[in-house]
Amino acid sequence: MTRFADYQNSFPNARLTRSQSGVLEVTLHSDGGVLVFDGHTHEQFVDLFHAIGSDPENRVVILTGSGAAFIEQISPDGFDFFSPRGYDKIYREGKKVLMNILDIEAPMITALNGPVRLHSEYALLTDIILATPETVFQDKPHFDFGIVPGDGVNLLWPEVIGSIRGRYFLLTRQELDAETARQWGVVNEIVPAERLLARAHEIAEGIAALPPLTSRYTRIALTQKLRRIVDEGIGYGLALEGVSAADVARASAANG
Amino acid sequence: MTRFADYQNSFPNARLTRSQSGVLEVTLHSDGGVLVFDGHTHEQFVDLFHAIGSDPENRVVILTGSGAAFIEQISPDGFDFFSPRGYDKIYREGKKVLMNILDIEAPMITALNGPVRLHSEYALLTDIILATPETVFQDKPHFDFGIVPGDGVNLLWPEVIGSIRGRYFLLTRQELDAETARQWGVVNEIVPAERLLARAHEIAEGIAALPPLTSRYTRIALTQKLRRIVDEGIGYGLALEGVSAADVARASAANG
Amino acid sequence: MTRFADYQNSFPNARLTRSQSGVLEVTLHSDGGVLVFDGHTHEQFVDLFHAIGSDPENRVVILTGSGAAFIEQISPDGFDFFSPRGYDKIYREGKKVLMNILDIEAPMITALNGPVRLHSEYALLTDIILATPETVFQDKPHFDFGIVPGDGVNLLWPEVIGSIRGRYFLLTRQELDAETARQWGVVNEIVPAERLLARAHEIAEGIAALPPLTSRYTRIALTQKLRRIVDEGIGYGLALEGVSAADVARASAANG
Amino acid sequence: MTRFADYQNSFPNARLTRSQSGVLEVTLHSDGGVLVFDGHTHEQFVDLFHAIGSDPENRVVILTGSGAAFIEQISPDGFDFFSPRGYDKIYREGKKVLMNILDIEAPMITALNGPVRLHSEYALLTDIILATPETVFQDKPHFDFGIVPGDGVNLLWPEVIGSIRGRYFLLTRQELDAETARQWGVVNEIVPAERLLARAHEIAEGIAALPPLTSRYTRIALTQKLRRIVDEGIGYGLALEGVSAADVARASAANG
Amino acid sequence: MTRFADYQNSFPNARLTRSQSGVLEVTLHSDGGVLVFDGHTHEQFVDLFHAIGSDPENRVVILTGSGAAFIEQISPDGFDFFSPRGYDKIYREGKKVLMNILDIEAPMITALNGPVRLHSEYALLTDIILATPETVFQDKPHFDFGIVPGDGVNLLWPEVIGSIRGRYFLLTRQELDAETARQWGVVNEIVPAERLLARAHEIAEGIAALPPLTSRYTRIALTQKLRRIVDEGIGYGLALEGVSAADVARASAANG
Amino acid sequence: MTRFADYQNSFPNARLTRSQSGVLEVTLHSDGGVLVFDGHTHEQFVDLFHAIGSDPENRVVILTGSGAAFIEQISPDGFDFFSPRGYDKIYREGKKVLMNILDIEAPMITALNGPVRLHSEYALLTDIILATPETVFQDKPHFDFGIVPGDGVNLLWPEVIGSIRGRYFLLTRQELDAETARQWGVVNEIVPAERLLARAHEIAEGIAALPPLTSRYTRIALTQKLRRIVDEGIGYGLALEGVSAADVARASAANG
């Protein structure tokens, strides 16, 4: 069994604090500011969610970002998308990170402090989503790089907003504002930025007041379908993304 | 093959009448007034839905309540949630009641005459839902008792209103008014109380005018997915609810 | 591998044109005007979608209709619903046509030029749906003929608009206008008739600009769930529809 | 909750006795001799298995036959295979009877006292199969009548003996002797006729000695996969069987 | 609807003859001798099985080979395994060929005239397998080329011979002789070479004597599970095979 | 990414050595002798398999035991089966340990050095099983303690040896000798004890000679079905086991 002190300070891009009642706040960041997502955070977050899920003292988890965005910038640092063995690392981590989020048995709340333009599927695997009015959703880098959005957004957006809406969202790189997202069932509440975390903690403390087995088993009972969707589809989607990346690399080499 | 006369008067908490065209109206009640749900009705409704499903003369089924609520009050009478063998009865009945509703091959209409604060999943398994403006939806007793909402609401709410909305609804004990429920796809029509049953019968007679195999096989074709969802998930959800109840009992005994 | 010239002119009820960039426009029609759907088109469209799916040069597919409706009229010509061997042809073709649409790996856009009163499931299997303000959706002929709507509408409407809405839509022969359809997630954009195709091509060219494996594998990654739904349910739904048709035939013969 | 006395003598073709320890012996028969299977037993067995499953006092169930065969003879009495409404009754009962067997939570043992030439799927849904040396397995009447073997044998034989063996068994009307059946995993033990029931009771008493929730929940844990197989496939198989019967009837009428 | 004359002579590597009763014999060959499997046959067989499945006059299908082997030799001609776009063709055809075999609704018999060292999954999708004493099974070229055996053998061998046996068979390139294959349930009958086709036709004529809907719907009822297994797993397996091929190509280029 | 040195010496009950070619040998033991399985090893093995799966340098994994048995003895030390919160730890670990084995992407070989009387499902999740002539299989402690065998043996034994054999094996606490296990497809090879590990390494080196992505992706392609079986069923089985344990505890307290 993992203890909080063992992992609290292990993650350079995630600040962890936990209340007396077991509400864990996880703030993604780069040097305290907006997170820059790169190959190192991709690997790090696999372990981050694994650690959180291994500690039964976490009663509720709040996931949030730093600065003006939740996840918006991507850097190629630490990524090798364009060789099979380089991509293999992304494939392995990409499968694990989603299952590790689902293996967190504590109910989860995402407090979106701003735009989410990549890895929006992290939020969709949590149970409750609060967003500021400035929040927008988009899946941008995949098509910008010319590769398949196969890392789970392909599975979860159609599941959450509906089949036709979800496919349009990804194929057209649609930008979804917070109010539309609320109407389409992605966002539960829109909360001004200055009250966002307070509201997340208010909900979290309500859940943390339940008996411990009850809150955890409720998340299990509510996420069985998502486990199936992810387990069945994530490997295939990532493999297709990998083949498309290999093709882009080859075309680029041929043109270079 | 079961005949109407054999079971029409067998259920103290359900008044059954049937039109010439085969439209069965089922009114849940306690002594003619608002239903008080207890361990006896839990057992009784297993047999009620089994009887309805065993009678091919039922062409359409209308399910409604009495007085100011559909199902709002719960009484501990006849329930033993807190010992494994006591809970076993709830587990057995809880699995059966949902499959028995799905085994009714006649199209089903729920006419919600007021609030539904427990066993809202009964309505979600029917094909059409009408509600009065006063109707509200909530899942209340599970968390009030400190136990997992694992009796099917965990499966059906995310299915009907979407994954993020459904999980929020249960985790926060949200109260959903009729108009929001209509916008979210739970309610097909909001109808004033005095016209509720008339409208239900109007729709029912339209369906009852179809050839008998056609209406029944249409419900079968429309509910295959729900059978799968329920059959795959209901036992596990109820088992988790049972473990949480055993834990509550133990904590309560320790504190007592 | 199939080439465009081999099949471009093979389909009397579908006019095919393809842009330099590989955007295939498929216009369903009868003699250049509104399509009259009959047993011959039922058979022809199986081959049409198979041909489209066999040609990897198709980068994006736009499906549209002619005149004032997408598919509204049905003619009994070429259909034999009412004998088992006659129905067997419908059953075989009905299974194949949907899987053939899903076997098209190019992203698909439906541009609805007016009402869809039968085989609306074709559109629901495409990824993006544009509609004119005059478009309405309905499933009409099945119940008009007294038979089960088991050809896929039973599977796809509840999937796209939600379980309760989808069952109501079919059981009441509801007519859904374009704006409601947009709010319920069936339609992505409402576009005036005169701009409909231009807008479809605008979106299509955006997708066609992606690397070829990327656009195709994205559609594959986005439609895995639909393949499962169709493959698991379509044969059973059509078989139930066939039994109901045999019963209607028998009742009609007995009354005749 | 059902009590033994309520149903013990309700079934003309099943003799029920129960030991002190809760081992229920169910002997299928016609007038005390070999069972003649007909439309009346088809209906009766739906209720028989439902009653057994509704009584938690049944700790283990032994299913056996009378005289020289388990189920070998079929009579057309009470069956109407050849009209859609007649077949509808068979379809409804056929779906229910298998699910009712699976709804029996007590571990089940089949003691095969001789040949099984129809409804062998009943035995395959029980947990343990003992057979006499004279026992043979075959699926005979379906193809003799010219109809699809779609009542569950199509699902369960490939599951139990393997895909290629199971398909050959049905397509060639293969007769499987007891020893081959044992080698192929259908039969657990071959026991001389005079010791058959004694051995069944010996095993049953061993299981009945377990705590009651334990033995029942073990059967549940062991049969989840079978529930899925049956629930997903039985309706479709029976519908195909029904269409084939309608075709046979029509061909026969045309030739008659 | 396709007619025999339209496709009988369309396939250079498959000789097709059909009996009066509708038994189609399909003999795979290269210039009349043992088939040499290459990229051209890979593409051709997609169309071959599609044509067979589109012709309802085929009542039973017998699949066999020429000369001393069923499929034993592979030639690189027409294959481009080692670039993403080259592999894309293999991926598309590989998915289609298995679904096209399953789309053949006529019962299928494989008459193995000798060793099968690649694409053994074709046989496993047929319903009955006869083999000569000289027949052996092996999956050889995948590991010889250093790539993943992901074209369906990974799905079907564990299904047919068991999970542990199937995984060992592929991982160790095990050679399975006819008698072991018979004991493990892959082969139904071992027949001397000179009687092989006669025995296949004897069984085929027995099945062809059933009413036409009955034999076809029986194959449908017997292969639903295989459709699911193939549809769910084939694309992913082939994508993994493709990534492994891209890696082999790259390593080879680096070493070359 | 985890490195071997980081975890090689972290597990008191597992000795880890790795060859140059990446063949990892994992020997389960207690103080160098036969493993005594207890609550501490239950927790430790979750981490053990997680560590192995996180290290891509492991090319093939051999799992074996020490002394005269693989896993035969169980000690109550560190286990609290009989309170809900105590059982919760077992439930969490029990779910994780099986998924962690399946998350090992390297092909796995179990070398059974003697009897396996508990947690035999570990071996069934590996790809190849070698056994000494002295090896026997049994599931003993569950029924000895009076609780449901719900930790995965319920899912995997029927999958590997067949439905009827697997249910009999568990319900009768059958002891399966090595030769019968080989005939039933559980064991691939029976090897004398002194040659057991040599043979395991011989097979392992053959697999380790494949390109690294190829061997790993082959295991992925071969175990998709097992992931589904485990992910869908393990939580429910363990929850039922937990309820049965709570009942045993209560009955025991009442009798004490």
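Residue numbering begins at 1 within each chain, and the chains themselves are lettered A, B, C, D, E and F in the order written.
Simple rule for what comes next: contacts are C-beta pairs under 8 Å (C-beta built on N, C-alpha and C of every residue); 3 or more make two chains touch, one makes a residue touch a chain.
This is a predicted model, so every value here is computed, not measured.
Asks: Spelling it out: a chain qualifies if it touches subunit E and also touches subunit F; which chains qualify?
Replies: Touching subunit E and subunit F alike, sorted by label: A, D.
Asks: Chains touching subunit D and subunit E alike, please list them.
Replies: Joint contacts, listed by label: C, F.
Asks: Counting residue numbers used by both copies over all numbers at the interface, does the subunit D-subunit F contact come out same (over half shared) or different (under half)?
Replies: Comparing the two copies, subunit D and subunit F contact each other through largely different residue numbers, since under half are shared.
Asks: Among the chains, which is located farthest from subunit C on the basis of C-alpha centroids?
Replies: Checked the centroid distances; the maximum from subunit C is F.
Asks: On a C-alpha centroid basis, what's the spacing between subunit A and subunit E, in Å?
Replies: Inter-chain centre distance comes to 42 Å.
Asks: Counting only Cα atoms for the centres, state how far subunit A is from subunit F in Å.
Replies: The separation of the two C-alpha centroids amounts to 32 Å.
Asks: Per the centroid of Cα atoms for each chain, what is the distance between subunit B and subunit C, given in Å?
Replies: So the centroids are 35 Å from each other.
Asks: Give me the residues of subunit A that touch two or more other chains.
Replies: Expected reply: 84-85, 88, 159, 161, 213, 220, 224, 232, 235-236, 240, 243-244, 247.
Asks: Given which chains touch which, is the overall layout a line, a ring, a star, complete, or other?
Replies: Topology of the interface graph: other, matching no listed pattern.
Asks: Can you list every touching chain pair?
Replies: Applying the touch criterion to every chain pair yields A-B, A-C, A-E, A-F, B-C, B-D, B-F, C-D, C-E, D-E, D-F, E-F.
Asks: Which residues of subunit B touch subunit F in the complex?
Replies: 83-85, 87-88, 232, 235-236, 239-240, 242-244, 246-247, 250
Asks: Would you pull the subunit D residues touching subunit B in the complex into a rising list?
Replies: 1, 43, 50, 56, 84-85, 88-89, 92, 96, 99, 103, 105, 212-213, 220, 224, 227-228, 231-232, 235
Asks: Which part of subunit D faces subunit F closely enough to touch in the complex?
Replies: 107, 124, 127-129, 159-161, 185-188, 203, 206-207, 210-211, 213-214, 217-218, 220-222, 224-226
Asks: Which part of subunit F faces subunit D closely enough to touch in the complex?
Replies: These residues of subunit F touch subunit D: 143, 146-150, 154-155, 158-159, 161-168, 170-172, 184, 229, 233, 236-237, 240-241, 243-244, 247-248, 251.
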